[in-house]
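First chain written, first letter: the chains are A, B and C, and each begins at residue 1.
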Amino acid sequence: MSPSDTTLPISAIDDDAPETRRSILERSLLFCRRQPLGTFGLALCIVMLIAGLGAEWLAPYSPTANDFSAMTEPPSWAHLLGTDQFGRDLLSRIIYGARTALIVGFSCAIVGGFVGLVLGVGSAYFGGRIDAWLQRVFDVLMAFPLIIMALAVVAIFGTGVQNVIVAITVPLVPRCARVVRSSALSIREVPYVDAARACGFGHVRIIMRHMVPNVMAPFLILITAFVGQAILAEASLSYLGLGVQEPVAAWGLMLQGGAEEYASTAPWIAVFPGLAIALTVFGISLYGDALRDVLDPKMRDR
Amino acid sequence: MYRYIINRLVLVIPTLVGAAALVFALMRLIPGDICVVRLASGGGTFNAHAVAVCHAEVGLDQSVPVQFVNFVIGLFRFDFGPSMWSGKPVSEEILARLPISLEVALLATVIAVLIAIPLGTISALKQNSWTDVVVRTVAIAGIATPSFWLGILVILAILDITQAISGTPWMPPIDYVSLWDDPIRNLSIVICPAVTVGYRYSAVTMRMTRSAMLEVLREDYIRTARAKGLIEKLVVNRHALKNALLPVVTLIGIEFAFLIGGLVVTEQVFNLNGIGRLFVLAVQNQDYTLTQALVMLTVVVFVLCNLIVDVLYAWLDPRIRYA
Amino acid sequence: MRTTGVLWAAGLGMLLAVGVASVVSAAAATPKRGGTLTYTIPADAPASFDGHRETSFATVHSIAPFYSVLIRINPDNPSSTTDFVCDLCTEMPKPTDDGRTWAFKIRPDVKWHDGSLLTADDVATSWRYVVNPPEGISSARESFYLMVDRIEVPDRQTVTFRLKFASNAFLPALADPFAVIYKKAILEKDPRWYEKNIMGSGPFRFTSYEVGQSIKGVRNPDYYRKGQPYLDGFIALYAPKQAVRVDAIRADRAAVEFRGLPPSARDQLVKELGDKVTVQSSDWNCGSVVTVNHRRKPFDDVRVRRALTLAVDRWRGAPSLAKIANVRTVGGIVFPGSPMAATREELEKLPGYWPDIDKSRAEAKRLLREAGAEGLSFEMLNRNVDQPYKFVGTWLIDEWSKVGLRVTQRVVPTGPWFEAMRSGNFEVVLQANCHGVVNPLTDVGNYLPHTVYTENYGQFEDQQEIDLYDEMVRETDVARQRGLMRRYETYVLDTAAHTMHALWWHRIVPQRSYVKGWKISPSHYINQDLANVWLDK
């Protein structure tokens, strides 16, 4: 995309900014009152966000330093969640693991979502041949279960954080494009889009001004779900030994190898990282549900 | 109706061919020579001649287009050639592992449906009540919990609980027996993974049931039915549930196809020798033929499930088939 | 029979005191007959059943009970490295012709599982396929038998090996557990028949195989060792997940896993099962070795390579890692416990083995600074196997971080791991140097450049190293040979620092206490025919 394309949506948002800003507090309060579960979910997400962003300041120990004087220690005041078999502080590893989860979750969701958005809206807007072809391509891509597609991509590019992100993003794209396209289709034939076209506005402008804002609601809901899916997929890949690798702190990796080995003798090694994954995805899903209730006009009316 | 089915069938072909092309291309992108990997896997010595022999055996000495044509022809004849790793026919490798995976998938589906539909319906009928909140929370937890982690905890719990009760720990057998030979032993193997997979599956289905029910309950004809004074039970069973089940059936169909993906991880935890484990093994060994065949199998299952769901839909809802 | 052992030992001075920590004292009890042994094999499935072609323990653990071999390490004394005894032969021969001719008399009473009689022709043909396979057939260990000139069958009961030159490596190589004996008629009809089929003369007859699931055998009633095997049969279950294998022993779904489990599994099983579980352990003839790719900068600089080894605190790491991983002993390039191995005093002179780790790390930093490689980042290739690869990998990376090296890992499955090493597509790789029968002279050949030892992936040439090795191998005086080994070791680990040795492995096999007769050895390849195993139930 050329720079001018990307500036458009930003300026569009800026125009509305004062109004949005005014109502944001009110809206949030309303959200909290109407959606207690969603608020709880959001709180979980925020905790994870803080942990991930401030890992350097929050983590009591280094996430990678081995400490042979404190191997497989149960939770104590020195190590709130205990230590793993290398004497690494579990709390610190979970806090740093939040960063890995954030990076993987958000990169996959944002990149996958953005590409899906472009393809979905483009497909709906231009229609015809392009649409038909893209539909067939999405059909093909959608036919692969996420984890199977991800495994194949990892087999090609290898393991590690970046490759895992690629592996998970690829299967997310068609899923997003599908949903966005069907929302965008309903808007394409609306008179004001025709009018804009008649006025000779460029495709980019019409898409950005009229179509993108209209698919924003399902898009945001989807992106939220993607973050959770990506975190789970990363955990599965790491569990299979094909994801993130030591010594990077990552939740899925923490459940692999050592965790199973010590599941009965030092259960904290297996329990806490699993809880971290479950709680985070739980929070994201709760928040996503609430978001859908609020953003989906069909639900809002009632 | 027939025309609709035929149209729908025609649409399947480009998807399958596209998927075959994609899988084929992906496999060729994997770096490294499968024959070198195979020969080197034990660390032994070998010469260029051995590599050439291996290439000829697995058909890599032919040009890429010829390989692709052979692959596609093989697809229709359910003949994928020999596994590059073991040398056995791929179809044999797959058939040996298919029963256990199918069994787990079917049992998981049964469990999911049995849990999801009643709970989802109750949840919708009592929207925003405590029951609803609990059901929704349990459902979201099911989606949020990594299935392999759940599996680890389930096995551990079984061992510890049986040890606490009887003094000797018990775990499900780790070697597969077919349902016909020894049903009890078979079920004791299959039940834990089925529950583990089924939990997530039921969670997804439960949510769909709930939202579909909510939508239907707001439809005019339900209001009419209620206004007519029909008893609530009849309204729910006759009118609401029947209509709400349509999207639920779709979801069950699609999720069933994706179960194979879920099994990839769960079979590892429970040491099940199914196609999920075979897939991981095939990918790790860079066994193109086996990986291709397995991926195509999941794709075919997915496409078929979609097809069945669509046809079912059309049959239930005349608007679709005449559109 | 044992005389050859003594001969051999005299020649090499290698009566090894293998560190067997605990061995069940089962030999005293009279074996009971009957019962079926269930054990797990930590693999998905062997690639093929052909021992001649394969190199993985998964193949040996699957097929050894079905086959016989010519000679082997004494199954009742498997921790010995010199106690070679006959399996198919009648007695261990004395070599003639200055050690260049070995004539083995074959037992006349051996029947194949198909009922026909096993002859010297079968033995000779099998060995010909191992030593010098025909075009298009692969043998994994051709290089072990470079000294063999030809194999003859002078009469129906004799197989004669004629060597090009006498070699102390011949007998250990002949005891290789992969060199199982196949039937001549089958081999000549279809040399690849044995990849997918099983027909031997061993203590058990093959009954069924389900790929990725199990392999089963029943007692061979015609077995030539009267009274054996004691078991009615065995079931081997393939279980790649370690947790499953440990749980299986805990719940008695399987009695044992022969490869070796980590210390945590031992502790857990002992805690939960008490005297229902017995543990055997031994030093393992495998070492974790870090190979550096000399073609990648800055690893062409010996200072950088030396810094890598100087940064690792083996003396402190070993006892701690021994609690969580299958490693235990600090050693040089020679199997610890062998008279050829370096003593602690000798080791402490080598970089990375200094008693003062702070001094060692300061030196490492100095060398890195000098070489302009301060704060170097690199990637270590590792194998997707927990024990002990990934555990040792995690430890090494942390040790290296203490001198400012930033190391990431690329962990790949076995096949691609070998492939990456072969193609030189790595900077640093964590390898294992694993051998069957302990034989330090040939075992340390791994460190030679790949022109001599094809499986060395360091990508370097070094004539000086080859000369040192040659001089050592040709030396016949034990004390002088040991001295030369030290020179070679110092050269490999210090002067040229081609490779660094991390830690020696430690094999731990917890078994249900009712399993008797099986004894641990320093190699997981040997002693797996199960003929002398019995169940005390």
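We adopt the following convention: contacts are C-beta pairs under 8 Å (C-beta built on N, C-alpha and C of every residue); 3 or more make two chains touch, one makes a residue touch a chain.
Please read all numbers here as calculations on a predicted model, not as lab measurements.
K.L.:
Using the stated contact rule, I'd like to know whether A-B or A-C comes out ahead in C-beta pair count.
P.N.:
A-B
K.L.:
Give the label of the chain whose average Cα location is farthest from that of chain C.
P.N.:
Between chain C and every other chain, the largest centroid distance is to A.
K.L.:
What is the distance in Å between the mean C-alpha positions of chain B and chain C?
P.N.:
Spacing between the chain centres: roughly 41 Å.
K.L.:
Averaging only over C-alpha atoms, locate the centres of chain A and chain B and give their separation in whole Å.
P.N.:
From the centre of chain A to the centre of chain B is 23 Å.
K.L.:
Between chain A and chain C, what is the gap in Å from one C-alpha centre to the other?
P.N.:
That gives a centre separation of 47 Å.
K.L.:
Mind pulling the chain A residues that touch 2 or more other chains?
P.N.:
Counting only residues that touch two or more other chains, chain A contributes 242, 260, 263-264.
K.L.:
For chain C, what residues touch not just one other chain but two or more?
P.N.:
Counting only residues that touch two or more other chains, chain C contributes 241, 243, 272, 384, 413.
K.L.:
Would you pick out the residues of chain B that each touch at least 2 other chains?
P.N.:
152, 159, 268, 284, 286 - these are the residues of chain B that touch more than one other chain.
K.L.:
With touch defined as at the start, can you tell me which chain B residues reach chain C in the complex?
P.N.:
Of all residues in chain B, those touching chain C are 32-33, 36-46, 49-50, 53, 85-88, 93, 96-97, 152, 155, 159, 162-163, 168-171, 173-176, 268-271, 273, 277-278, 281, 284-286.
K.L.:
Please output the residues of chain B touching chain A within their complex, sorted ascending.
P.N.:
11, 14-15, 18-19, 22-23, 26-27, 29-31, 133, 136-137, 140-141, 143-146, 148-149, 152-153, 156, 159-160, 218, 257-258, 260-262, 264-265, 268, 279-280, 283-284, 286, 291, 295, 298-299, 302-303
K.L.:
For a test of understanding, state which residues of chain C touch chain B in their complex under the given definition.
P.N.:
40, 44-45, 47-48, 54-56, 135-136, 138, 140-143, 195-196, 210-214, 235, 237-241, 243-244, 247-248, 250-254, 272, 384, 413-416, 418-420, 422-423, 454-455
K.L.:
Spell out the part of chain A that touches chain C in their complex, as residue ranges.
P.N.:
Of all residues in chain A, those touching chain C are 64-66, 68, 71-72, 85-86, 158-160, 241-242, 245-248, 257-258, 260-265.
K.L.:
Quick check on the complex: what are the chain C residues that touch chain A?
P.N.:
These residues of chain C touch chain A: 241-243, 246, 262, 264-265, 267-268, 271-272, 316-317, 320, 323-324, 382, 384, 386, 390-391, 393-395, 397-398, 401, 408-413.
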